[in-house]
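Note that chain A is present in both complexes that follow, paired respectively with chain B and with chain C.
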Partner chain A sequence: MKKVAIVGYAQHPILENAGALNEVELIMPVVHQLFDELGISQNNIDFTCSGSCDYLQGAAFAFVEGLSAIQTNPPIKESHVEMDAAWAMYESMLKIQMGDADTALIYGFGKSSPGRLDSIISLQMDPYYISPLWPDRVSLAAIQARVLLEKNIVTPEQMITAVIEARTNSKNNKNALVTELVDKEAYLASEKISSPLNEFDCPPISDGSSAMIIASEEKAYDFTDQPIFIEGIDHRIESSNIGSRDLSKPTGILASIEQLKLEKTNFDVAELHTQFSHEVPYLQSVLNLNDVPTNLSGGPLVGNVMMCAGLDAIGKTYESLKSNDLTNGLAHASSGPCLQHNMLVHLEKKS
Partner chain B sequence: MSEEEKKDYAESPINLEYHYTAGSATTRFLNQVKEGKIVGQSCPKCSAVYVPPRGSCPRCGVATNIEVPLTDKGCIESFTIVHIPIPGNPIVPPYVCAMIRLDGANISFLHLIQGIDVEEIRIGMRIQAVWKPKDEWTHSLENIKWFTPIDEPDVDVATLRFEES
Partner chain C sequence: MSDQKDLLRAPFELAYNYKRSSGPLMSKFFDALAEQKILGTKSSTGKVYAPAAEFDPETHESLSDLVEVGPGGVIESFSWIEEPKHHHLIKNPFAFALIKLDGADTALLHMVTECNEADLKIGSRVTANWSATMENRITDIKFFTLEK
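Let's look at the complex of A and B:
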């Protein structure tokens, strides 16, 4: 395996409604910010890969338009994933492993405000048996929350703690959308949207974009004195039929843990792509993170840009390692209903 | 349900509604179109002029923040003669759809050509916009009914190729 490192990351302030700003106008500032910080241009990039979802924009091939935010002359090598940009990073990683590139620009973007996210997300389900029922994203998450509560894997108190901590941690994140503090009383007084989840258990509708640059070890030090290395990366997908999954068994994540030999690592910090409150204690327990500071950025509960929030978990872990005296970080990205598809990224700062 | 009425498929209609945003750059353009003016935007790096502007120069990846007022005259960069009627379309075939390159612009856009026998249409032909009555103007290039030929010498479209300045 070639060593690959993250050398830069930038995030647009997360907005409730970006209004007149279109996707291109959201992407341009973060890419320019990243280039300016590193003192480089698109000419220093071998491969460009984006993550987005055309259903969010409601236009076929909308992702192609996103490319207008990037300098494409002289012609560039580029690709796209119809997924969270964390998977665009994965593809870029492979591109570097194959020797086709030494540097890669990754960007993700998503505006959830123009459409009805609940309806859009139900279209990711199996089109024959599940999509026609239009299950909304909160109800799907609630099914898993219910399973975890009934099996005592997660407790209601843990969910309240996850919400309160997310709001408290939002002060660490200048781009957070939701910063208002919540106490237990306010939480308990809130009406359920889809039992057992209330509004505080769910992520806010968010618009935004993020960008990241990764490079091979040889090139990384040209960009920065302190690259953060991707020590391990693995992703697993489970069945698209939620009825055939045991929602209390994280089969894919356990396989990734074994593949990456994570039980041997003491993590200093973790950022999880946990969109709903019950997912925080659940994954903390699965990943053995109970004593590890988790989601210091507040995580998706305080800002959840679709197709970006997974990349943001990696970016926030990178930032934590970079600006603190820490060595090992774990980032998690997710896709699909009820944590169907998960990626684990082990980041390490070399001393 | 009788045997005859049995279906071997299920209907599952999908309908999603969106609040579409043109983007802040295109919004500036459309506000001018509403006033009967065509204002392109140029790239601060390579000087290419875009109409309609989409907010960025796709060559350079920067915002096109310089407004460039344009005339409603230009030439036909390319065209096609449409012979097939489209249901609900009030225009009777054969008619011409053309890529219109306005004077001073570096890209073209699609619009109708009328006021000439379709056999006489040619690339490089000079044309000008025919506007709807002012009280019908909205935030749309449909404020221009169509383009029609004008009595000016043809342009060699090869000379319109964008050269970086």
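Let's look at the complex of A and C:
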């Protein structure tokens, strides 16, 4: 395997409602911030890959418009995933592995405010057995939360702690959308949206964008003295038939842990794409992170840009390693209902 | 200004404006719903997937051995919606639930209503209620209610 490193990451401030700012206007500032920081231009990029969801814009091939944010003349090599941009990073990794590129620009964007996210996400599921029932994302997450609570894998206290800590940690994240602290009383007084989940257990509707640049080892040092290497990356998906999954056993994540030999690594920091409060203690336990500072950025509970939040977990881990005396970081990205599809990324700073 | 009548117009419907085929296996599942029967598929391991699955996610074999399951079953988990939103099909308080139908080894996602949250537990027995008109869709099962 070729060594590949992250050399830059930028995130747009997460907005509750970007209003008239369109997707292009959200992407442009982060891409140019990255280019300016690294002193490069689109000409230095061999491959460009984006992650977004056409359902959010409500039009087929809406993602193509995103390309207006970058320079595409002379023609560029470009691709898109209808997924979180973490998977755009994965595709870019593959492109570099194949020898087709040495550098890649990745960006993700999403505006959830104009539509109704709950119904839109329903449409992305199995069109035969599931979508016609219009199950919203919160209700599906709540089904998994109830399983985990019933089996005592997660406790209500851990969920409260996850919410309180996310809010407290938002101070570390200049781009966080939700910064208001919450106490246990306010949490307990909150109305259930889909029991057992209340509004604090759920991520805020968010608008924003993020961008990242990765490069092969040879090229990485042209960009920065301190690249952060992708030591391991693996993603697995479970059945789309939600009722055939054991919602208390993350078979995909367990396979990734084995593949990446994560048991042997002591992580200094972790950022998880945990959109709902119960997912935080659940994945901390699965990933053996109980003593590892997790979601110091606040995570998706304080800002959850659709199709970006997974890339943001990788980006925030990168930032933590880069600006602190830390060596190993673990990032997690997720997609689908009830943590159906998960990616683990092991990042390492070489001394 | 040009006359409004001179403008070319095309309708734009923001919807799935195409039809899907349910395929050889699922079409049998949906046809059976019209007879108020719910079908599952049996894998070579003996595991019964319901609703009928086209393949076994564990052994990856294609499945074609159809078996009838339900209409009663057990709630494996649920989320309770006290105040349904615009997109929900049931306008009264209801639950989304994973229901393991009798004879099946996996669960069907559907809705449970005509009860209160406190009436529902993991393990509660429910049974299918049928829609008045059948459309060869999963919504031909209108919802589930607690077994009397």
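Here are a few things to note about the model shown:
Basically, the second predicted complex is superposed on the first by the 351 of 351 C-alpha atoms of A that agree within 3 Å, B and C clash if a C-alpha of one lies under 4 Å from a C-alpha of the other, contacts with A are read in each partner's own complex, and residues count from 1 in each chain.
The rule is simple: a residue touches a chain if its C-beta (ideal position, glycine included) is under 8 Å from a C-beta of that chain, and two chains touch if they have at least 3 such contacts.
Treat the numbers as computed from the prediction; the structure is a model and nothing was measured.
When the two complexes are overlaid on their common chain A, residue A:Pro132 makes contact with chain B and with chain C alike.
In the superposed pair of complexes, A:Leu67 makes contact with chain B only, with no contact to chain C.
Judged by the touch definition given at the top, the superposed model places A:Ile160 against neither chain B nor chain C.
With both structures placed on the common chain, the touch criterion links A:Arg146 to chain C but leaves chain B unconnected.
Of the two partner chains placed by the overlay, chain B and chain C both lie in contact with A:Gly58.
In the overlay built on the shared chain, the residue A:Ala5 is in contact with neither chain B nor chain C. Of the two partner chains placed around the shared chain by superposition, neither chain B nor chain C is touched by A:Leu105.
Judged by the touch definition given at the top, the superposed model places A:Ser119 against both chain B and chain C. Of the two partner chains, neither chain B nor chain C is touched by A:Ala331. Contacts of chain A with chain B, set against its contacts with chain C after fitting on chain A, overlap at residues 58, 116, 119, 123, 127-128, 132. The residues of chain B lying in touch with chain A in their complex are 10, 12, 14, 16-27, 54-63. Of all residues in chain A, only 18-22, 24-25, 28, 31-32, 42, 55, 57-58, 65, 67-73, 113-116, 119-120, 123, 127-128, 131-132 touch chain B in the complex they form. Interface residues of chain C facing chain A in the complex, by the touch rule stated above, are 14, 16, 20, 22, 26, 49, 51, 53, 57, 76-82, 85-89, 96-100, 106-111, 117, 122, 137-139.
For chain A in complex with chain C, the touching residues are 58, 116, 118-119, 122-123, 127-130, 132-136, 138-147, 150, 192-197, 238-239, 241-244, 247.
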